[in-house]
């Protein structure tokens, strides 16, 4: 299975490109301090320097900060926020979805109404409101993003669990006398792993976009250099200095693209029906 | 502008944000002042050097002991609804209306022992003790004269006439399309013969900064003020042939910007640390790169355009080495990461420029080993935290209101350490000598002695660095070159514009 | 049908109820007190003034009384008072609502129509270059931050080429009327609508492609083919209608994202709508306005949801019984 | 350009309507074999029914699709061969020419009545579509024709039915609509690709009768695809048997069924369940191991607070006893409540009323913890061998899980699991593999081993063979009979296949609409049915005459 899976994934050109992109971003984040040892907030050159001046590959911003340094260091923030908020959202989503799906009844109903509510409430607006009110910090941003991202996953997991619950191997486990907890953890969840992984990979992408949008609006953590912040702070000088918003935008685009490609690749690779189709 | 004024023409100006109302006695936000300043008048206005000049008061006398102020009112003044203007209106405004609605006027008038009107054209105010700055308190934002015949005996906030302001000024309220524009028209019965020159004024609400710049560029509006135009756009607009930038007209408020430092937090209580901060900051960089050249590097607690300013004070030119020396002297050694001390910085939540400043401060202090952690908050949170001394370093700017005893001493007097109240001595700065001098100077009637006191004060305070002064802020008034005599006094765009005229195209 | 609407309304009220309570909790969780801010802005703040404000706005009452008052106010359409703008929030919102509705609705239609058409085109040409091109473009649009697309479009079409206005809703003071005015607004709308629509168009394109591929492999399509139906008719009569159903469902759910996206687009293009208002409110941390926006956007989302549900009912005869 | 082929025909013989000559359809590169069908040749004459049989994947459908010109586009393509309709090669025709034939001269109905109709279109409009394409009848005439066709296939009140959406119709009704659609233009050839597989036996019988009648009436040629020899026996004039993409046998029905020439055909026919009641009759005396008394289960649905709820009684006051060593069969068409009863007995659902006594203890009165000890004694083998094994667990683990849950040490349980694999005829090394690495029959053996691991006294088998091929089915039935004999298990055996039930059960209960309408010894129930429903069920078994005259041996080809 795993070999098949890897093969199917590797055959998907997009997925491999995505993986390569994300690997580069991760390396960038890990080795940020080696690539650009100085603080990305440092005003190292003349303000408004266009790309390729003063040894600044992508130019400098309005305070003379090196944009390339910001991009390299910003990768950390984006990945950190993307990953942690996704982890949190996956935790909430799986928990609620599994409980609602497995136990059903009024509890499941209640949980699903609750989930639907969160799907109806306009996500981005809620994130903005929460972060604005609780003041922007990595914690508040991650919390807010997780808070608005779990709902679709909960629904997905519930659907999967619901269908798995009535599957015969689960019923067999019941007739064999396994406890509910064991059944959920050992029988059911391993079988919804693939859709969860696929959504999680896409959620990381969405979380990165959300964070960048928040930063763009000036709701980023003021101590963290992030790509969204760079675009947002440069928007007012767009006419004078295109490069200040261009490069960080490209960074977000490429990262999110990479994650999406991976997500799609995983989706196809996990889905045996598509696995055959794509190779045809 | 030596040409002769021409009658006629429409002035269009930006107004941003849209004022909540136009009743100047009830609201004194900046946009309200700008629009309502054309409708209402006060007893005096002020020259660029802040010396008083007549408005509704034709002349005035101050007794030698500095206790009695006598104002003689203009003849033939009527309200826009035709009612005559008399000393009764002044009395009503000073004793009833303003003390009820306007904190700054309340503070001012509470210094009066008695306010009387011997006749229709005279008002006499007797003070409890001498207060030479009293004469600076009669411009239209502090003590606008409100019509007694409309407000006497009513609930001022909910008076039905609040939608149609009635003043004595050269322009009358005509129409207000919310979210779009406010239209004022010429007052044909204005008490100054032959004025105003303009037929009418449109104040246009343009919420977006880029659109505002565009509107000035294409001539759609002829005037902008305060920070209507983003600092980085000002130079570009200034270069256009049909626009001029006038930086005068803010002498009365004279905003001074500083880093407010909480002395209760170690090591901020140490004078040397605060001096180090000032040395570590390149204030010319702040002026040129963050405010794009708008402003002057501040030398001390008094703005150079305010009265009793003295340039002869200790200087803190950009010198990180000195800063490091001071920190060394304090025994703050750098740790493994080169950090000598960590402070939290709470920037003002007024938008991007202030954010850039915070980022700069963080970097600049970081260079001398002071690690700055930025906090983030909103205006409400900021106010609450600063008022309650729950901060370490923050940015702030205060108006000086033409006299140190009004706008400056409030920041440094130890008697003004009042928890929960904003714009007081929130740093917790205490220097008995400073307290003594401020109190003495406030009552000193002799201008020379006063100057001495204030000079001494400035040297004392600058030595202590209770706050780290950054810039004397300048706001650009960007005007179409066809507009003449708009900025003629220390209150700039808030002036009545009775003298303003437009040359034909 | 009536019952359907009824159940939708019950649900809507439920959602709004939660939003209102959430709003209330958030105001009270917020650091700082509205009275302090207002006092600060008035230029001076003595305790008497602050207290006066607190009483005026009922901030001295116990919490449950405040919640009651709050809910009572909302029911009457009073969404609070913006201390910063010195105006009732409801007025501010109402003023901005039309611009947002125009923007989001146009973007929605563009995204839906464009997405469905492109997705279908890709599905019909699966494996050919048109499919690849559409897929790549959709993937790119999907991965690009919406505000950045906006900025880049401004850079290209306004700054460099000068074809379209970069900001605003209309040319201020141009004094256009009639057709000219419409054309003017249209030219202002173009970039924001494209920016906002593009992302969702990408979403719908991808979904439509998948959905159409799936439907195309279903038996009833084979049945139609077995009848000798032409490909064009098969696509228009059989595939399209069936394939569009899942897109409608998602579109309804996504209305929230769309309106969230308008915050970004409006702040990029200085579009005088709710989004722009939100941006200003964020900069000034004007919670009352933020919460008002949250409330109104929730209402909008619900409206969009009902709209797509109605569309769904029109297209799918089966839903009557399932609801 | 269509090329007309003049084939040399034996004089006096009417030319066949359809001739398939050496048809070879290529599969995509990675497929398990290069061709879906290879060198297939058969003919179809007017006024005859040709049945194509063969195991799943043998290429029956692909051939049919090739005739219709409906091969899935990029995946399958015709590599060689010709398909001649009245002498014209369909393969070489332009798309437009093929379209003109499709639906008009050659019509097709598909296996799945549920999905073969557009869910968003009224059924009348779907039938009318064919008329719009191929005729220039006006609106009114078309309407009339639609009604006429709906009437012809025996649908009630065609005037109103015309305006219904497919979701309102039952499976049988939908299949009738499909037939009406196919016949609307009175085609020369009707291709029916397993048109009754998704239907229950009684409905299947109606549809088969209908197709046969219409075929006779219109003298149509019918190409009927199925894998059910009973169906073949029922309607075929001639039979083609396919295997691995080739036609292995072709001939008159009578010949193929009674004297199959090909080895494969013979094996297929031999592995059909023989349907003969078992000889060994178990004494039904003594205390019952399990007794169901008045079990009632009602499903309520649509139950929001506002709308009215619908009630569905799926178990209606059911009484049933099982004695040690006895095999009780439960038969009845789909939805009659068989599984519901089974699930109630193993405690997977709670009935609304009644008692289920296991050795005298009422299982329904027990709570979760109280029920637990009884889980050991009552085990279940599920219908779908794939679905009942967790794909993420290794086989040994699956088998050992039950005992482990009951406290058997892990190592011991795993050792026992290996032993059990031997008992069900699998290699002990199988324990280390995952379920997907086994064939269907092997998987069903694994699930039997799992049930046995608990050493139950009662085994509930809910359609344990319905998902399996005929030959594999026979193996598993044999295994069950074997184990039952060895371990003296009592068994509740659920199936809808009466022949299977007859073969394996001592006692049989016939269920309809949640009630047991007939209950008694298998020989009695099948030999002398008293209830009309039982009779109807028995009648509906296709190909009875043939079965009766040519009883298969009932064993797997060894």
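Just so it is clear, A, B, C and D label the chains in written order, and each chain counts residues from 1 on its own.
As a convention for this text, contacts are C-beta pairs under 8 Å (C-beta built on N, C-alpha and C of every residue); 3 or more make two chains touch, one makes a residue touch a chain.
Not measured: the values here are computed from a predicted model.
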Margin query: Return the chains shared as contacts by chain A and chain C, ordered by label.
Written below: B, D
Margin query: I'd like the Å distance between the centres of chain C and chain D, where a centre is the mean of that chain's Cα atoms.
Written below: 50
Checklist line | Computed distance of Cα centres, chain D from chain A, in Å | finding: 46
Notebook entry, point to check: In angstrom, rounded to a whole number, how far apart do the mean CA points of chain B and chain C lie?
Noted result: 41
Note to self: Suppose each chain is reduced to the average of its Cα coordinates; what separation in Å results between chain B and chain D?
What the structure shows: 89
Check: Residues of chain A touching 2+ other chains?
Finding: 132-133, 135, 218
Check: Which chain C residues touch at least two other chains?
Finding: 30-31, 283, 285, 287
Item checked: Residues of chain D engaged with two or more neighbouring chains -> 74
Note to self: Per the touch rule above, enumerate the chain pairs that touch, sorted by label.
What the structure shows: A-B, A-C, A-D, B-C, C-D
Checklist line | Complex interface listing, chain C residues touching chain B | finding: 30-34, 36-37, 39-47, 49-50, 84-87, 91, 95, 166-168, 172-173, 270, 272, 276, 280, 283-287
Check: Which of the residues in chain D come into contact with chain C in the complex?
Finding: 68, 70, 72, 74, 99-104, 107-108, 110, 112, 115-121, 126, 129-130, 133-134, 165, 167, 178, 181-182, 304, 306-307
Check: Can you list the chain A residues touching chain C in their complex?
Finding: 14, 113, 117, 119-130, 132-135, 205, 209, 212-213, 216-219, 228, 231-232, 235, 238-239, 242, 245-246, 249, 252-254, 256-257, 260-261
Check: Can you list the chain C residues touching chain D in their complex?
Finding: 3, 6-7, 126-127, 217-220, 222-230, 237-238, 241-242, 315-318, 321
Check: Within the complex, which stretch of chain C touches chain A?
Finding: 14-15, 18-19, 22, 26-27, 29-31, 139-140, 142-148, 151-152, 154-155, 159, 253, 255-257, 259-261, 263-264, 267-268, 278-279, 282-283, 285, 287, 290-291, 293-294, 297-298, 300-302, 305
